[in-house]
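Before anything else, here is the set of structures, which you'll find just below.
Two complexes, one shared chain (chain A), two partners (chain B, chain C).
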Partner chain A sequence: MQKQLGFLVDLGKCVGCRGCEVACSNKHQLDHLQYRRIMNINKENQVLGFLSLACNHCINPECIRVCKEKCFYKRRDGVVLYNSQRCNGCQRCIGACPFQAPKVNPRTKKISKCDFCFEQLDQGLEPTCVASCIVGALQVIDIMQPIPVYAQEALPNFSITQFTKPSIRVILPRAPQCFWRKG
Partner chain B sequence: MPPFCTVQELMVLDPLRQSTIIGGWAGRENQISQVVTAVPQLAASDLTNSLVIIRQESQVQDTEATLRTYLHSGAAAILFIGPDTVLLPCLTAIAEERQMPLLASGKSLEEQEFVFALELVITLNKGKRLIHFAEYSNLNQLTAIGTDLPPMLTKLAVYLQNPVVLVNPAFHIISCSTDEKLLDHIEREQLTRLARLQHYRCKAGELLATPYLSKLENSNGGSVSCWVNPLLRDGQIYGYLLVFDVSNHLNPLDVCRIKETGIFSLQVLAHRKTIEDTEKKYQDHFLYDLLYNNFVTEESLIQRARHWNWDFSKPQQILIMEPDDLHLLTNKSRMLRKLQLNVEDFLQHKYRQVIVTEQQGQIVIIIGDIMNEGKTAKQQWKSLGKSLQAYMQEIITEVTFSIGIGKFYTTIADLCRSYQEAKHALDLGRFIQEKGHITHFEELGIIRLLSHMSLEQLDDYYKEYLAVLIEYDEKNDTNFIETLHVYFQQNGDLNLTAEKLFQHANTLRYRLKKIEELLETDLKQLENRINLSVACKIFKIRKTNL
Partner chain C sequence: MKQKSVVSRRTFLKGAAATVATVSFGGTFFDFIFSGLSPAVAAENSTVELFRNACPRNCYDTCAILSTVQDGVLKKVVGDPASTYTRGTLCAKGFSYTRSVYSPDRIKYPMRQIGRGSGNWQRISWDEAYTEIAQNMLRLKREYGSTLPICLNKYSGNFDIMHYGIEGMLTSIGNTTRATGTPCWPAGIDAQTFDFGTIVCNDPEDIVNSKYLIIWGANPAWCSVHSMYFVKEAQQRGCKVVVIDPILTQTASKADLYIQIKSSTDGALALGMARYILDHNLYDGEWLAKNSKGAEEFFSYLKNNITLEWAAEKTGIPQHIIEMLAREYATTKPANIWIGYGMQRHTNGGQNVRAIDALAAITGNIGKSGGGAQYAQLETWGFKYHAMSQSKPANSGGKEDRAININNFGAEVLNAQDPPIKMLWIACRGPMTQDPETAVVKKAFEGMDLVVTADLYMTPTVEMSDIVLPVTTAFETPGVNVSYWHYWLSLNEQAIKPMYESKNDVTIAMELSAKLNELEQGSCTFPTSGDLQEWVGKEFSEGIYKQFGIQDWQELKKGPVKAKSGLIAWQDGKFRTPSGKYELWSAEAEKYGHFPLPVYVEEMQSTDKYPLRCITPHWKLSIHSQFQNLDWMAAVNNEPHIEIHPKVAAKYHIKDNDSVKMFNDIGYITLPAKITETVSPDVVAVYETWYKNKKFNVNYTVKAIPADMGKKATGAPGIAFHDNFVAIQKM
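So, the complex of A and B:
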């Protein structure tokens, strides 16, 4: 069976500390760019949770389809990478990606994006964002393997575009438990 | 009449089991009630129902003359015992002509041993227990042949006097008996095709573990029985051993022999599959790299493809096939394996270079023979898709299959883009067509743009145009949305829409009038039609949770 690495986000654990965002920027030496970002999930102006989102290393990557220079490629473990040497800065991939994962580097005017910290992955280590998550809300999973039954592809109050088959699964927050005796 | 057994039955047990059939096996039903040794005084005229044992004389000429004499007698069978078992072809020809089994053995055996064997076989036959002895008694002989399938199948065919064919699970011939006298090449192909159709018709979706007899009706109006022996191990079918009973005399002893050969064929096929699986692993890795642009240069790709004799210096076309509602199927992997095998079988007859592989629950087809480009090519691939669907529907009746076709690119490096387009066409095609659709990427139209819009924008758009209608449908259960969607799908043709919805044309007219009233719009205006058509498309997309 083929491998497809992806992220599992536990919304019940994520406290929105933005540790993953900062760690990613630090690792990739990004000045004003953000590969990973925390999004608020709202319902009637009330924040229900936080979703940490970067490139989802889709099963059907739109970036591979639209790039005429063939900058993007997919490794055998499912990680979508890019070859900046081929990039001519046309930015077609930015418009095509439903998650706006590719970013333009203001210095080089070329595209760059989350690379799943593949060098660390090859050494058997976790990506920086996952390693830096102090509450353990972000995990690396192989979505081709059986995953927890309570992990979902979609969120009830936050639609994730599905046609590219993103490699992300989420665990919804469980109902809060009341530890105090009610009056 | 004294008790007797047939020559075939006597050969189940030692010592006759170890002898070799030289000729005249067509007369294997000859009855034996006594065993006699050829001596000069023995009259050749009084040998009815006898097994005649001839020992090799010192002079070769004498032996030949003796054999010739007894071959013209009324004996049931002749056993030639001697170290030199190579007999003259003319003697074999006589045995064949007179249908008298001529057997040979290198071991020096006494007449009494054959008499004991004859008595034992007759006793076992009375209790109908001979079959138990017959099963697997010849495995040693079979394994001695080696791993080459044709000699083994030929040996079985000669024993049965019937043609034998070994096929893969898709009924594609792997090997067959080489005796053209029994059945010629064309007839064999035809009968195998009939057996395949009969198999899929009768046993749709079932995994068969037991052999069965199938009646094949050929185009001439005649019928041939076919013994189908499934080769099954660990719940997986490796192939089928087919015996076409053209001489119409298969008996339980023959079935035992078929089963034995089946076991050995299964060993050979399982061994082959292990090798193929290893090779396939490397192939799959290469194809994954090809489809996801994971290679350094185009030249290196073309070079690597030559390992499998694939010519990637020419342009390739890609098609993707997927069973509809795959997630609902319980036997996904088996279904995909069956699909891949049959697609490969179907296309190999049509194109010189066809690559069929499974990637993430989809069957990817890469075809190398591109005859023409442009619109003609698009129609050509669509008609190929249609015939492929029809072929698969014949074999796998329980599900429908959809096909996505990517755009044509001149270089192999662009195949990764064509692959993504084909997947796109397959996924998004279901919003514009029904199940079992064939969609070319270029036909997706507005859906291509809609798939890139944010979901909030899409929701706002369709609600703006259709909210009144949706609310009305929910309250009155009128299903006006579906009516409008089908109306646009059929290019506004009232008759076609009415036919599709199983409604009278006047009913449809009334419903459309009502829709116009509710939406306060005029369906005759092009601008309104475009807006509503797009809104309907978005509604369908959102309903299926894009």
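So, the complex of A and C:
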């Protein structure tokens, strides 16, 4: 594969404001489900940062493998899309996706998920979540291209499942020097 | 499929209804629109329009918004890229507007409640509502000889300039009682008024020019998230960012240095730093000589009363850290301090702000790009206030309006005599969740003949009202907005028709006036008709035109504009104090009962009975009682917590998510624990907000203790919200 689009999430910049999460709901008008979610990365009660996570448009997508109705497909740029026409609501994809990216629409009982805002991509625009991040913590990257050396696949204290080869890279947060109260 | 390409909006609506039936989900047309199943038929024959809006919700950022309206439905909101402050983005709250406008929870028509608090609501017509309200107003005037028994409590739910028409409406019926003051920031305003003459801050976009930035008791990552871009940008350009806070906030976690301070001792830290700066000759004598009054007195106060050992002892910050901070702040130029509103919500809050201002002054950082002591500004608020400026009808009784303290609202309503208060009009405000001493506020409501609340949602304040009037959101009505932080001016266009039977507050004023005059000719001077768009135009003054470099307000339809001058506070060195100088020694302060110098005033202490200080800061998904009630927000978070330090938790055998009762002598709340080292060991934090259908209100435990300052500039002192001492207990 020549191209695989994915997300670069900079935990050093992300302030966990959830703008990306709600901007996505705004764009797709989702009232009871969310494509993007912010996970707290904790260690012994200390928040180390936030991980903004949606569909990772994996290199080996489990959703495509398990869906008997062949609802999922992968574009040449690596974006994993979903077509609801044939969906019978079996929810196998939800069980299979390590990131629970596919969601059930409680009304239609069918699946929907992050589509990488592909119509925007096709017009050369950023996906909504990326465009809405005030501090610039989200970026679109082609993980087949060399990515910044400081970006990595894993986070300490928080495992990102790797067997599907998710197209997500992270930049670790930098903790401030802290002086805690005496007494 | 030919048929579909020519569907009119009408048949599209019908088609939508049909689809509702086939996929079998209940709810309204709007539920359908928001199910994410945008019907393809709509796209073919639809009109898409763009409108300019502004977020009016008492937020630093007051964002310029670009709204997409398709076939009369608000489909999408984004930040307006024309504003270099908003930069094309909104926050999570702003992005939820497409939901809040169409929320099934909106109040749809006027209603009357049979039995306050009973939940027994009946739909009534607008005419019935106006009649009942007008009759009561006229009856009270007859019984008491004036309209003073009618009390208005309106504040920050919508800071659009036209919304001051609510005050205008009350003026137009005669002398009335007004909840006066401002709850959130008055101590700091007075402090800066004593020091500088008024509040003015640098353009926040100027933060990028700072080489040293202390964010002192503010949490922009939650409360002014657009500023975080400039903070990060400054950091990228080599600025060191320091956060001083009793809580390791989200902002602190992004800083270079976080210093945990004992809550309410900020003045001790500032004075300790000042002493170090003095001892090491790091002050700017030249600036002081030219621009200040009282430097000598201040320095001798420092020499005689302040030591670094004392400051370390007071604040809990090791002495060498105070020394490092003082040295770095005084020697890195330009150095900026952002003074938050949280740190002045104390009985010594105003004094603490004065001490911090003094740091900026003695180091000569005032009036400089990249420098300053930023608090807020009201320089861009010079409108005509046409909707607000109404005349009083002749012979309506009483000599003048009566002011009662908004910050002790319940008690002051109950105590009002000659005449007593008998009717409340509540707009843009939620005293039943946001005011201290909820029980007292409730009692005040109970003593009324009539409570009228204009609101969007069924808040606890509406639940305690007799009549509720449905109001419009910013998207359904025209207006104009400025910020108390940045220097942009945004028009708010009407993007969609008012939903259901909702009306703008000014329209309500006009129609109520018509009713009052119908019942008693001449009883109300408020115009009974008018075009809201034109009324927006009437708010603009020559001063605003000049400041923003426009000839006509209609130019704002092309986009927001930024002030052309005054972007660096006090650059001209003309302070608005009595002496025209920066006043370290303020006779004005003395007049208001304070020490003339910025001195340390002892902070409030915990007691054996109530050993923990409860801090109630702003929550990232709300602005006071707004936003968190929406289902979109509930999907992100729907549970308040009490944040407890692990050491404290261990002492009380409390584990994560255990149910904890927090109480003091006025009330209690029960909520799940969140054990976190981010709070100080002598502090618990509970974020103030309103959750729909939750028995949560942190103000059950908050007393109406006044802050030290606020009387001069805002008419009443602030509230020492963070001087609330409590005990906790595992349930």
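Annotations for the structure displayed:
Convention: the second predicted complex is superposed on the first by the 174 of 183 C-alpha atoms of A that agree within 3 Å, B and C clash if a C-alpha of one lies under 4 Å from a C-alpha of the other, contacts with A are read in each partner's own complex, and residues count from 1 in each chain.
Here is the rule we use: contacts are C-beta pairs under 8 Å (C-beta built on N, C-alpha and C of every residue); 3 or more make two chains touch, one makes a residue touch a chain.
Keep in mind that what you see is a predicted model, and the values were worked out from it rather than measured.
Room for both chain B and chain C is found when the two structures are superposed via chain A, with no clash between them. Looking at the shared chain after the overlay, A:Q85 reaches neither chain B nor chain C.
By the touch criterion defined above, A:Q145 lies against neither chain B nor chain C after alignment on the C-alpha atoms of chain A. Rounded to the nearest 10, the angle made at the CA centre of chain A by the CA centres of chain B and chain C in the overlaid structures is 160 degrees.
Residue contacts after overlaying the shared chain place A:Q2 against chain B, while chain C stays out of touching range. Once the two complexes are laid over each other on the shared chain, residue contacts for A:K74 go to chain B alone; chain C is not touched. Of the two partner chains placed around the shared chain by superposition, chain C is the only one that A:L30 touches, whereas chain B remains out of contact. Of the two partner chains placed around the shared chain by superposition, chain C is the only one that A:A175 touches, whereas chain B remains out of contact. Shared-chain residue A:Q123: touches no atom of chain B or chain C. In the superposed pair of complexes, A:R65 makes contact with chain B only, with no contact to chain C. Within the superposed three-chain arrangement, the count of touched residues of chain A is higher for C, of the candidates chain B and chain C.
After superposing both complexes on chain A, the closest C-alpha pair between chain B and chain C lies 18 Å apart. Contact residues on chain C toward chain A in their complex (touch as defined above): 23, 25, 31, 33-38, 75-79, 87-93, 95-99, 221-222, 225-226, 228-229, 232, 243, 248, 250-262, 316-318, 321, 620-621, 631-632, 635-636, 646, 656, 675-678, 680-681. Residue ranges of chain A in contact with chain B, taken from their complex: 2, 4, 59-62, 64-65, 67, 70, 72-76, 95-96, 98, 144, 154, 159, 161-163.
Only residues 12-13, 15-19, 21-23, 25-34, 44-47, 49, 105, 107-108, 112, 131-136, 173, 175-183 of chain A touch chain C when the two sit together in their complex. On the chain B side of its complex with chain A, the touching residues are 284-285, 288-289, 292-295, 359-360, 413-414, 416-417, 420-421, 423-424, 427-428, 451-452, 454-456, 545-546.
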